[in-house]
């Protein structure tokens, strides 16, 4: 095929173009013609098609995401908000932290190892592009039923991919989630988050300014990876519609990414870049148009200078290629030489591919002929916006009416005991160490807390002991019952986890995993969840700094449970005051903080014992969450507690079991007045935590809770080699350990 | 005098900063060495740190072993300079034939990260004199290719000469023959092990214990008293 | 016992970081004149019974569904040592 | 361009857990009659210039010192596609 130049396009308005195959709708194609005043060239069509895909343009979600910018809590910490590669918050002492969660769901189903690996690679480059050194990763994951044969294909591959990439980069993995549910059978969720640290003055933005400045592409060579991938993964099916023979899958090279990180940080250190952008979805199309769009002028790119791995690639394919481990920098001419020297030092290929111009157009040339001439904003920031119809699903009322309160409860101590063992051994409640032991949690030598602690925590300053913490949470079962409350429960749990570790929650990122936006039921779930999250963040004072939306997560007509995953970032002035989950000191007193109600809708107990999902999720009281958080943080700072564990799925008995196993000590518990043993053990009321208090601190701790109005109940003592519920039953730790730890290896090893 | 201890950075080395920190925490002067630079900058001892040099492509340590800095290190090690190889460093030392045997993928085929109990089998080497023989310590272990193998003759020789320096206790995490976690050369100046003592030098960080500090204090005493 | 060899290589258009790392190292080791290196896997299968068409087609299926990931890899099946004893 | 293939296999006396894992999985997938599986590496080298004795002896040396670790591995060198153009 001959080259489709801008000139040629202007002269041949009636040539038929494959806009449909590229995933564009008829009115979108018409709009492109209107913007350009002619038909697009093949290269332009390729760029618009990827950049206007759901994945890149957020066309279905942005009308709802707007709330995150509108309902912003007053929070001095926010330095960079939504709209950049990742948000940035101030954590004090001149440090800034950037963090974000992204999804790589669809690629991970097709090729679990590479899909997950490149998911980690992508989020790390986003963080790097902000000017930060990546310091930790987290990985919230969802798979189909634990005993389904395909889970045995997908899960080990995903875990090996996350480990294979993250371990090789030298980033400690400090947290995440593993959830099994049949709704994710044909559509696992692989979300990955990264935290980066920098000094305030080192924040970099993705914008190209200063005419004459050079555009440098550096990192891996460009190959035929994932061409059209962006469109495909956000389009209706998994079937590749891109040009035949080009792989829809990208293969990651973590070693190359490690070099890219070190090289980029050295370049930042010498202040050599004026703007920078990572290459991820939509490759060069995205990087060049976003940089130019955010800048003041235009940009001219000579596409034939791009170093290729495969010389047969067409210019359209080069623009769309999603080859991994590449970055694009805007560099003033006098810094180019030094920039190249640093790249050479790290064996990183770097090439000047163009420059910033006085004009206002993004112009791309191929062997001297112009193939792209577009207003960059029209590609990057002015894509289509849809107001998709949404409506409360017809089945929602019936689902909520199917109350979990009517389920048969254990009749006596022996049945309680049996159900406790069943609960702690169930795949969702069982120990995930078979998985998390495949991740390096020690590298960089700053890990203070990591899995299975409530939150991961890393030290960021060795002298002052300043640290940051992160937890991620999401509960698709709760969100299915009520998306508004479900999103707030995800936020509340993640917030509570961070506070339980002793860190003060500052801000959040989110990854919103939903089904098809073309289904009004799903769109309603999305609208409700975003509204819930925005309202919740306003009330808790934790702004949304950025995140990611993943739609079309469904198998055939069946959507996954709505799954908003929330990552809360917290800060702690002195990591030596962190609170672990382990009950390690015999004789310490156990206190339950918060109120326990009969709340079993969406609970682990209803799932494990009855295979039931119905009713309403637990009530949310964010004021209470905030108070609980303050108490946990003060108690940690003032040395009043030695351990804390938040209560969430599985309720109190799950938390106590985990804390006892972690510390290697048993506990004797008494059912408090006014509660029955079953509700005490299994209720999933929110806003609660269990803490271990040294006897010498008992008075002070009680006074603090009393003064601030937080209900607190003494429930027992750390003691012995078993967990005993007085008057009901007891289970030796060894039996609990076997139940809790052997499930996952039994299913997967 | 202050001992100067070098830590080499190859492309893909990950635990270099941690090793430099451990040297500093133990009281010596840490010196960064670069793989392309043959010059050892007057260091008294060298640490080859953990990580995935060259991505562990081909075989762990196989490509790094041919770097310019290794030429000098091999030469100096043969002349008695103390060298410690941790994890990837151990793999490099075997590939460079400074230590016998080879490292293979873990027998369970997964990366493993755990708090590992070890027994110090030889407290006479340059890097272990602050421990006592038979002492049990716990330090983090994290690797993909940690299975130590050598032929029977070599293994018998290592045992007979007391050159098995560390053995895994409780769990053999990777299928290493005879539970070997670390070995030394005949002269006792070159030591390699899979677990990571540099991650166990500060309370609260990592596993929260400081069982790994002895490696660094051992070498400092040896160098300062020399 | 017969030996059948299944060679699995990344498809040509797929990035092969391992092969690249080897190739880049060669000149440093003094080996010139190697224009490209690809690294793949070799499986040696010891097959019981005759390696007839039926057996080969089963091995082919095994390679396709299990030994290779055909999303990113190609494979070939070769009989290396038919019918001789090992 | 000629292609030379270097196959690298673990020595027979060295435990090959990858091969074993494959072999153990086969019956579960419905493939019977495979008595043993060993997994090794295959390197495809594209050689510039003629693959004469001198070139082969250089490749042999490369395999011995670099591509294989002869403490644990054996290797073979084969010319696969001599002198044809690619």
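Order as written gives the chain letters A, B, C and D; numbering starts at 1 within each chain.
Heads up, the rule we're going with is that contacts are C-beta pairs under 8 Å (C-beta built on N, C-alpha and C of every residue); 3 or more make two chains touch, one makes a residue touch a chain.
Remember, it's a predicted structure, so these values are computed and weren't measured experimentally.
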Chain pair with the higher count of C-beta pairs in contact (B-D, A-C): A-C
Chain centre separation (chain C, chain D; CA means) in Å: 8
Distance from chain C to chain A - Cα centre to Cα centre, in angstrom: 37
Approximate Å spacing (C-alpha centroids) for the pair chain A, chain D: 41
Distance from chain D to chain B - Cα centre to Cα centre, in angstrom: 31
Junction residues of chain C - those touching two or more other chains: 17, 21-22, 25, 29, 39
Multi-chain contact residues (two or more partners), chain B: 54-55, 57-58, 66, 108
Where chain A touches two or more other chains at once, by residue number: 253, 255-256, 347
Contacting chain pairs - touch in the sense defined above: A-B, A-C, B-C, B-D, C-D
Chain A to chain B touching residues, read off their complex: 160, 163-164, 167-170, 253-256, 258-259, 346-347, 437-448, 459, 462, 575-576, 578, 749
Of chain B, residues touching chain D in the complex: 58-59, 62, 66, 94-95, 100-102, 104-109, 149-151, 175
In the complex, chain C residues that touch chain D: 1, 7, 9, 19, 22, 25-26, 29, 31, 33-49, 55, 58, 61-62, 65-67
Chain C residues within the chain B interface of the complex: 17-18, 21-22, 25, 28-29, 39
In the complex, chain B residues that touch chain C: 54-55, 57-58, 63, 66
